[in-house]
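Below: a set of structures, written as C-alpha cells.
Next come two complexes built around chain A: one with chain B, the other with chain C.
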Partner chain A sequence: MTTRLARTVPWMTVAFVAALLIPVVGTRFYTSVATDVLILGLFATSLNLLLGTTGLVSFGHAAYFAIGAYVCAIAMKTYDVPFALAFPLAGVASGVAALVFGFFCVRLTKIYFAMLTLAFAQIVWAICFKWNDVTGGEQGFNNVPYPDLGWMEALPGLASMRTGELYFYLTLVLVSLCLYILRRITNSPFGRILTTIRENPERAEFVGIDVRRFELAAFVIAGLFAGLAGALFGIFNRGVFPDFGYWAKSAEVLIMVILGGMGQFFGPLVGAFTLVALNQQITSYTEYWPLVLGLLLIILLYAFPAGILGTAADLVKALRGRRNA
Partner chain B sequence: MRTLLLAAAGAAALSLGMSVQADAADIKIGMPMILSGPGALFGEPTLKGAQMFVDEINAKGGVLGRKLQLISKDSKGNADEAVRVAREMILKDEVDFIVGTFTGAEGPAVSPIAKENKIVFVAPVSKPDALTAPKNLHPYLFRTATTTTIEGRSAAELIAKLPVKRVATISPDYAYGQEVTAAFVAHLKKIKPEMEIVDQQWPKLGEADYTPFINAQLAKQPEAVFSSLWGGHFVTFIKQATPLGYFKRINNNFVAGGEAGSIESAKAIGDDYPLGIWGNSYDVFNWEDGPAAHKDFIERLKKFTGAEQPSSWPSVGYIAMQVLVEGIRKANSTKSDDVAKALLGITVDTPIGKQIISPKNHSANRGQFWGKMVKDPRYSFAVMEKPVYVDPTPFLD
Partner chain C sequence: MTAPLLDVRDIHTSYGRSRALFGVSLAVPKGACVCLLGRNGVGKTTTMRSIMGLTPASSGQIIWKGEEITRRRPFEIARAGIGFVPEDRRVFADLDVLENLEVGGRAAARPGPWTVDAVFDLFPKLRELSRRRSGFLSGGEQQMLTIGRTLMGNPELLLLDEPSEGLAPLVVETLLEQVSRLKAQGLTILLAEQGLHFSLALADHVYVLQKGAVRYSGPSSALRDDPKLRDDLLALASPVD
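Presenting the complex of A and B:
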C-alpha cells in the first residue's frame, strides 16, 4: 500500500503546491529564506549535472553564478533592460563563458580538471574585483532593481502581496521550470551517456562516444543554469559582489551537493535547504559556524556518504525489502 | 544508531528554533558584524564598544523609559551574508534599527535592505564615499564612520605642512585604495599647488612581494609618501621596506592611512615598526591633551574590556550607538521615520568631541587621530607621540 502510494502520488506537484502556500501561511522571514533556498538549490543542482551525473569535480562553479548575477544586474540597472530579457541573457553569457573555459578544462582530467576550473573562477573573481567602472569593484554592484512585478498583482490571490513575496513566486516558477528541464536532460539519452562517461570514460570512448564533447556540453549546460541562479540571486540580494565568484562560494555549493546527496536529482536542493537552515540557526547562537560545519561534514562523510536524501532513499529501500521478505 | 543520531540532531534543531523571546518593551538594535575569520580582530572590539554603550545607558534607565537590547550576528565579512543577517534581524527578530557592518562592501550591501524595510541603518566603519553618494543615499541611511574623502584630505593637510616638494603614493589597487588616494592627491594640489606628485605605485590587494614597487618608487626620489596599505598588507610592506632603507631615504616622511597608527597595527608589527613615520587611528588610549570625557571613556573601556591598553575599535561601535540613541531621544519616538528626521543635522557630544550628522550626505564629521609613531618605554609597541584628533570640518565641502 505504502509503496504504491509512494509511486502514484505526484510528489513534485505536491511540493510545488506546498511551496505556493509559504507566503500565505509563513512569515515574511520564511518567504525570504524559501527564496534563498530555491535559488541556491538551482545553483547546486546545476553543479550536480557535472558532479553526480558526469563525474566531473568542479572547484570553480561559482564563476558562472557570478557572471550570471553581474550580467543580469548590470543589464537591468545600467541599461534598463527588462528582466524578461536580462534573465535569459544572463544564462547565455554564463553558457558562453562556460564554453570558453570548458574548452580548456575538459582537455584535462581528475585533479587537473578541478584545478583549472578553480583557476578560471579566480580570474572571473579578479575581473569583478578590479573592474570598478562596470562592476563596482570590491564595494559591489548595489541597488539592483526588482523586476517589474506589477502584472503579477492581476493574478488571483496575489493582489495584496509585497514585492518580496511576488519575487518569491517568480523565483518559484522559474526555478521549477529550470529544475524540470535539468531533470529531463539528466534522464534523457544524453544524460545516460554522461553517466556512462562517469562510470567508465575509457570504455565510453571505446564504444564511440566523443567524451570531451559530451563533457563540454554538460559543462556549458551546468554553467548556463548556474548563471540563471546567479541572476535571480543578484536581484534577491539587492546587490552583486565579487565574493559571488570567489572559491569559497564554489566550495559552499560543492558542500550543498555532497550534503544533500549527489546520487539523487533532488539531493542538491535538500542540501541547499539544510545548509541555509543550519547556517541561519547556528549563526544566531555562535560565531563558531565554520567549526560546526566542519564537524557536520566529518560526520556526514563517514556515516552518511550518500548524503541526506541518498541515505533516506536507502532507508526506504531497506524498509521495503524487509516488508517484501 | 543512525536513527538515534538523526533524532538527536532533530531535537537539537527544534530546541535551537525556540529562541529566547525578548521583553516587548525593549528597543531592539541589530548589529551585523564580522565575528569570525581574520576580520574578527576588528569586529569583536567594535561590538564590545556598542555593548558598553548599551550597558551604560540601561544602567541609567534606558532611553524614553525603555531598555536597549543589542542583537549581534556574524556577517563573516561577506556582503551577501551581511544582507542575509540584516534581513533576518528585521524580519524575524523584528529589530527597530540596524547599527553595524564592517567592510567597504557590507555597508553598501545592507543599505538597500534598510531602505526597502524603512529601518534606520547606521554604518560605523564603512568608509567608501559611494555609500552616501547622492545616487545611493536614502532617508534611512546614516554613517558615523570616517570617509575616504576625509581620510585622504587629512593626510594631505599633514603632508602640506612638511618641508617637501616631491610627493609619492603607494596604495592597494582596489576601490578603497583608489578613492582615498584620489582624495589625497586632489586636496594636496588644491592647498599646496607647488607640490609635485612624482610617483604612484599600485600593488594589488594582498600583494606578497612589495620589493619591485619599493625600488621603483625610490628611483623617482620622492621626499614624502602617502600610503593606504592597511592591516596585514601594511605589516608585510613594512617588513620588506625597512631592510631596503626605504624610510631612511624619505627621511621618515611617510604618512600612513588605513589605521596604520592603531594599537592593532602597532602590536602586529612589534619591534620592526619604523619609528618616526606618521599613522592614523580611530581612537588612541594615550590622548594626553584630550578632554576629560575621553579620558573617562578610556578608563571605563579599560574596566569593561579588562585590557590595560584598550583597542582602537570600541570607539566606533560606541559612537554609532550614541548617535542613534540621541536621535531616538530627540525624536521622542522609536519609529524609524521619526528618528531618521531627527538625525539630520543632529549634534552629539561623544568621547572624541562633537559629532554632527550632515543633512546633506547623512555622514558625521568623523575625523581620526594622527601622530608620529614613537617608542615609549611604558609600552612594548610603538605609539603615537602626542596624538592629534584631526577635525575634518574646516576642509569638508
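Presenting the complex of A and C:
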C-alpha cells in the first residue's frame, strides 16, 4: 500500500501546493523563513550539480551567489532596471564569472581544484569589500528595492497580500522553475556524462569524453543558478553584503548539501530547510549555535553519511525490500 | 608493405621516477589481432595506457593511421578510433547497462555500425539485464558490458587488456568465442595476455614483453608449434589445449 502510494502520489505537486498555503495559514515569520529556505535550497541544489552529480568539491560557490546578488541589486537600484531583466542578468553575470574562473579550476583536480575555487571566491569577496563606489564596500549595498509586484494582486487570492508575501510567491515560482530545469539537466544524457566523470574521470576520458569541457559546463550551470539564488536573496534580505561571497558562506552551503544528502536531487533543499530551522530554534536557546552545528555535523558524518534524505531513501528501500521478500 | 594501422616506435614511459617501458616498438596491421604476451609487470598495461594517452610516453612516437598521436589527450585518441577495455573492466557502476552503452556511443561520437541492439546480439546476456545497475553485474557480465560500451564508439582498433583475467573458465570460453566473432568481422585487435590460451587462439602475431622491452616478435604459429621457444620465452609449462 505505501509503496503504491509512494509511486502514484505526485509528491512534488503536493509540496508545491502545500508551499502555496504557507502565507495563508502561517504567520509573516513563517513566510519569511520559507522564502529563506527556498532561496538557500536553490543555492545548495546548484552546488550539488558539482558535488553530487559531477564529483567536484567547490569551496567557493558563494562567489557566484554574491555576484548574482550584487548584479541584480545594483541593476535594480542604481540603474532602475526592472526585475524581469535584472534577474536573468544576474544569472548571466554569475555564469560568465563561473566560465572565466572555471576555465582555470577544471585544469586542476581534487584538492587543488577546491583550493582554486576558494581563491577565486576570496578575490570576489575582496572586490565586493573594497569597491565602495559600486558595491557599498564594507557597509553593504542597502535598501534594495522590491520588484514591482502590483500585477500579482490581480491574481486570485493574492489581492490583500503584503509585499513580503507576494515576494514569497514570486520566489516560490522562480525557484520551482529553476529546480525543474536543474532536475531535467541532472537526468538528461548530459547529466549522465557528469555522473561518469564523478565515478571515474580517467575512465570517462578514455571512453571519449572531454572531461574538462563537461566539468566546465557543469561549473557554469552551477554558477548561473547560484547567481539566480543570490539575486533573489539580495532582494529578500533588502541588502547585499560582502559576506555573501565570504568563504564561510561557501562552507555553509556545502554543509547544507551534505546535511540533506548529495546523492538525492532534493537532498540540498532538505538540508537548507534543516539548517535554517535548526538555526532558528537553537539560537533562541543558546548563543553557541556554531558549537551545536559542529556536533551535529560530526554525528551526521559518522552515523548518516548519506545525509537526511539519503538515509530516509535507504530506509524506505529497506522496508520495501522486506515487504517484497 | 602497407603502413600498419597503429605503429608504436621506441616508446619510453615512466610513472613518476620509476621507468616502466624501455623502448617498445610494435606494429598492428589493419584487420589483424596482435598479442602482447608476458607476465605480470612487464609493461603490457603500460604500453596500452601509453597508446591511449593515459600515461603518455616520455619519448618515442605513436602513429595512428599515419598521424602522430603521442601527446594527444585520451578523449581525442578515443574519438580518433581507438577503444580501450582496461584490465579492471570497470563499468560506470551507478548507471544501468543501457545507460553505460549509450554513454559509450555518445562520448566517442563516431559514426559506424554499432548500436545497442548490435551489442545485445553479440552479448545476449546483456539484453536481459539492460535495466540492471551495472555495479550489480558479475565479473563476466561487466567484461561484456565494457567491451560493448567500447564498441558503441565504433572503434577501428580495440585494446583488450587481459580480458580473461579473473573469469571462470566457462565464461572465458564464451568471451573467446565472442571476441573471435569481432575479429572475423574485421575489427583490429591489440590484446594483452599472460596466458597462452586466449592469445594463441586469437592472435596472428605475438610480441613477448620482458622488463619493459620487446623480447620476441613473431607469428603466433611459431610460438604454437615450438614448445621449446615457448618455454624459453615465458618460462611457463603451459600446454596449448
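In the analysis below, the second predicted complex is superposed on the first by the 325 of 325 C-alpha atoms of A that agree within 3 Å, B and C clash if a C-alpha of one lies under 4 Å from a C-alpha of the other, contacts with A are read in each partner's own complex, and residues count from 1 in each chain.
Keep this in mind: a contact is a pair of C-beta atoms (placed from the backbone, for glycine too) under 8 Å apart; a residue touches a chain by one contact, two chains touch by 3 or more.
Remember, predicted model here, so these are calculated numbers, not experimental data.
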{"item": "Superposed partners chain B and chain C on chain A - clash or fit", "value": "fit"}
{"item": "Touched partner set for A:V207, first chain B, second chain C, both or neither", "value": "second"}
{"item": "First, second, both or neither for A:F101, with chain B first and chain C second", "value": "neither"}
{"item": "Touched partner set for A:I193, first chain B, second chain C, both or neither", "value": "second"}
{"item": "Touched partner set for A:F168, first chain B, second chain C, both or neither", "value": "neither"}
{"item": "First, second, both or neither for A:Q281, with chain B first and chain C second", "value": "first"}
{"item": "Distance of closest approach, chain C and chain B, by C-alpha atoms in Å", "value": "27"}
{"item": "Residues of chain A that lie at the interface with chain B and also at the interface with chain C", "value": "none"}
{"item": "List of chain A residues in touch with chain C within their complex", "value": "189, 192-193, 195-196, 199-200, 202-211"}
{"item": "Touching residues (chain side chain B, partner chain A) in the complex", "value": "2, 5, 13, 16-17, 19, 35-36, 40, 73-74, 76, 78-80, 83-85, 87-88, 91-92, 103-105, 108-109, 111-113, 116, 128, 130-131, 136, 173-176, 178, 205"}
{"item": "Residue ranges of chain C touching chain A (in the complex, touch as defined)", "value": "52-54, 73-75, 77-79, 84, 86, 90, 92-95, 99, 102-104, 106-110, 149-150, 153"}
{"item": "Chain A to chain B touching residues, read off their complex", "value": "27-29, 32, 36, 129-130, 132, 136-140, 142-144, 163-164, 233, 237-239, 241, 243-244, 277, 280-285, 287-290, 299, 303-304, 311"}
